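Both complexes shown next keep subunit A, but they swap its partner, so subunit B is in the first and subunit C is in the second.
Now for the complex of A and B:
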């Protein structure tokens, strides 16, 4: 995304920086995912150099961080468009980008080269806090809070000074929740149940409440820009979705409290609200298709060209509707009820859900934002999908769905053998690991991981070259 | 000292596959129901297909009942799930009532 820029605002230029780093981290996520997938089949691969625990940790952290980068970038991209003015404090915003990127680089280098430390306070401050998914050391934790506070200040001051829209109001309120919830992951308690209780506030409430609301707001913005949907109607949908997402997502937190030592009333709360969680996802799916179909109908009636002004972004937007429903909805509902969850928790079912949900719900919409940034950067009126665009969406989707299916088969085998038949013992875990179904599922997971990575290279090529071919732009 | 409490809901081995399949179909049938209603409201399908939409909604109710029974849900959860499914019947209609009203307000 480098080269001659047609961005009207510095904020959008900054967004393209965030998107560039997001793509690099996306690549790192895939690379480390491949390493971990190979280690499942050949456990001695890089043993003692980059163990499975480290590869998996960086794989997941890279995923979270590239998505956070892309979301911050998306907010900076739409902020001037929505408010009609330049980002307030753009100089500070750029400085914060460099601070954050430097901090992320240092943390990743420490994860790769130092990896672990003694069980003391120095390790917590400078190497890793050691809590799953929130491994960043404490200095980086504090740094993240400072950067996010700066980001919030930039966004709020811009929104207050400029035009106020429904989309911006939703994003602003969502960002307060997103930033505030991070604090719940910054302290420890001696009791593991209590510690997990707070830890889930970050993990669940980020992913199943605030991130989903962010996706709803980005989808609303994209529908207005890419499909030409009516803002008032789209914003009305958005408010309904936000109400449903927060209504089900906040108490849906209960499905993580089933078996960690919290009181039993969480069973009923978790079961009921988790069951309601797919509802807004159906709503979002219908919303995208409805608006797309309606706007096409209007254009057909008026004898206008019905093609979208950014076909690759639209393709990713539609795949978001499908992917969110399948990955977060169907694969989430598989194991969201307590009676089933006790058998599936911590099996490859969780990994299948994680792969499909993060891809379907978040990666798709964020990639759509990358294409919108390319369109904005080169001032392209209409952007058409190329062979590389189609290969990217096909291979990445096929690869991730393939990984999801392989991991589901592995998870099903674990549920039957390790949990239901052998009673979730230490031996049962290894007996299940050595079954043919599990071994072959892991082979297929690696193959599909390679397919996804090939798709990623097509995506990089497309983002870098789509604007240069006059056949693709008009 | 508090006695540790061990709770492990028992599910028959042969019930796991039907449980996972019925859980998936609750959402898939729900999507078909909402999708067909959407297509009818968009005038892409004839009104006669409401029968098909309600048929899928019926299947969704059946799958919900089957799932809650097979996993031995507590009576309150069974009732709550069935009430939620009945409420779901009205969701697409409420959506499109709001959509129609907002379009009348903002587009005409």
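Now for the complex of A and C:
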């Protein structure tokens, strides 16, 4: 995304930097995912050099970090649009971007080249914290908190000075919660039940509460920009979504407290509230399609051109509505009741849900934001989909859904054989891993991972070249 | 057109207030439940064991006791049983068991071992291949009740392979030289685990097996016929 820039605001230029790093990390996520997928089939692949634990750790951390980058970028992108003014303290904001990027680079290099340490608190501080998703060492945690505080200051000062919209109010309050929750993951305890209790405060209350609200706000902004939806209606929907998302998601946290040493009452609380979690996702899906159709109807009646002003962004937005509902909602509900979860907990079922949900709920909308940034950067009035745009969305979606289905089958086999039939022991685990159905599922997961990666290359090509599409030149 | 009276259902202020109230209420309920849960999952100490008080997360000194996983009639699922059971699946805290040749670890010694083991579990990224309490990665077996795994008991395949005569020694040996004892094409890598760290890790695993996980995993190691059937295939 280099070259001449039509960005009206420096904040939007900064957003494009965040988006660029997000795309690089997205690529790293796919690469390391492929390594891990190969290791499931050929365990000797990179054994002792880049073991599964390291490949998988970078796979999931790159995922989280690229999404955080893209979300920060998205906020910087819409901030000047929503408030009508330049980001306050843009110089500091740019400095923070470089500090964060440097820190992320150092953490990744340490993960790759040092990997593990001695059983000493120094390892937790400087090498790895060793807690899934939160492996970043403590020094980096503190760095992240400082950078995020700076980011919050930038956005708050801008919002206070500029125009105040409903979308901005939701984003600002959501970001305080998002940042505050990170602190719950920054301590060491010998008590693993206590450890996992607070660990879930970060993981769950991010991805099943605050991130979802962020998606709602980004979708609202995108609907206004891309299909010209009415702000008042969109913001009303947004508040309803916030009520439903937080109403179900905050106590839905209980579905992670079934088996970690926490009391039985979490069975009922977790089951009830997490079973409600898909509802707002249905609502968001209906919302996107409804607004799109409604605005088209208005335009048709007025005899105007009904095509959207950013076709690729709209395609990704619609796939977000559907993917969020399917991946997070349906696949989450599959195994959220304790009666089912006692067998599915800790199997490939979770991995299937993870792949579909992170993609459907987050990757899609963030890619839509990338396309909006391309449109803004080159000042294109109507951005039309190219062959590469279509290949990207088709291959990535097909690939991720394929991986999700393969992992679901693997999970099913694991639940029946390793858990129900054989009682969850070391032998039971490996007997289930050796079954043909598991082996086939793992082959398909790798094939679909390759399909996803090919789609990713189309996406990169498209983001870099769509502005040169002759149809987009006015 | 004259100003129309707007219905409350399409009023943004109404929905904004609703969102605030719902979020506030859910958060307060979560905080209240968190206080209750904190009380219930705080780690116990030797005094609790002496007083026969069953804690959800017991004292680190459980390493001095025999640990089992049995059906509890009152609870309707399996629970960890420490130091023998009363016939109904509740712990008696009586029957001791040697852990690396001793059954008299003091509170301080046991706490130190558990601390070392928990640190090692993080420093070696265990969770990025295994699951602990069912959370982590799905490349290697769940370790929640690994201490009770038949493979490590007397006559079990893993204990036999390491040539050790107790399960704690067998586990410690395996952890230090995983490449020497492959159980599957998918081998555990050598993570540079020292003798001391291995002892800490085994203490951590034994302690984790005593955490009351509400019956997870169900039927752990109980279904022998199934194993024979699947192996014969």
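We adopt the following convention: the second predicted complex is superposed on the first by the 471 of 474 C-alpha atoms of A that agree within 3 Å, B and C clash if a C-alpha of one lies under 4 Å from a C-alpha of the other, contacts with A are read in each partner's own complex, and residues count from 1 in each chain.
Convention: a contact is a pair of C-beta atoms (placed from the backbone, for glycine too) under 8 Å apart; a residue touches a chain by one contact, two chains touch by 3 or more.
For clarity, every value in this text was computed on a predicted model and none was experimentally measured.
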Message = I'd like to know which partner A:240 touches here: subunit B for first, subunit C for second, both or neither.
response = both
Contacts of A:294 with subunit B and subunit C, given as first, second, both or neither = first
Inquiry  = Quick check for you: in the superposed arrangement, does A:124 touch first (subunit B), second (subunit C), both or neither?
reply    = second
Message = According to the stated criteria, A:348 is in contact with first (subunit B), second (subunit C), both, or neither; which is it?
response = second
Ask   = Touch check for A:44: first (subunit B), second (subunit C), both, or neither?
value = second
Ask   = A:271 contacts which: subunit B (first), subunit C (second), both, neither?
value = first
Inquiry  = I'd like to know which partner A:421 touches here: subunit B for first, subunit C for second, both or neither.
reply    = both
Request  = Return first, second, both or neither, reflecting whether A:334 touches subunit B, subunit C, both chains, or no partner chain.
outcome  = first
Query = Given the touch rule stated above, what does A:282 touch, subunit B (first), subunit C (second), both, or neither?
reply = first
Message = Looking only at contacts as defined up top, I'd like to know whether subunit B or subunit C touches more of subunit A.
response = C
Query = Between subunit B and subunit C, which residues of subunit A are contacted by each of them?
reply = 232, 236, 240, 267, 342-343, 421
Ask   = If you look only at subunit C, which of its residues touch subunit A in the complex?
value = 10-12, 15-16, 18-19, 22-23, 26-27, 29-30, 33-34, 36-38, 40-43, 56-57, 60, 111, 114-129, 131-142, 144-146, 149-152, 157-158, 183-187, 189-192, 194, 197, 200, 204, 208, 211-223, 226-227, 230-231
For the subunit B and subunit A complex, residues of the former touching the latter = 8-9, 11, 13, 16-17, 19-20, 23-24, 26-28, 30-31, 34-35, 38, 41-42, 44, 67, 71-74, 76-77, 80-81, 84, 88, 91-92, 95, 98-99, 102-103, 105-107
Contacting residues of subunit A [partner subunit C, same complex] = 36, 39-40, 43-44, 47-48, 51-54, 56-57, 115-121, 123-124, 127-132, 135, 166, 169, 188-197, 199, 232, 235-236, 239-240, 242-243, 246-247, 250-251, 253, 256-267, 269, 342-343, 345-348, 350-351, 414, 417, 419, 421-431, 433
Ask   = What residues of subunit A sit close enough to touch subunit B in their complex?
value = 230, 232-233, 236-237, 240, 267-268, 271-272, 275-276, 278-279, 282-283, 285-286, 289-290, 293-294, 297, 325, 329-330, 333-334, 337-340, 342-343, 412, 415-416, 420-421
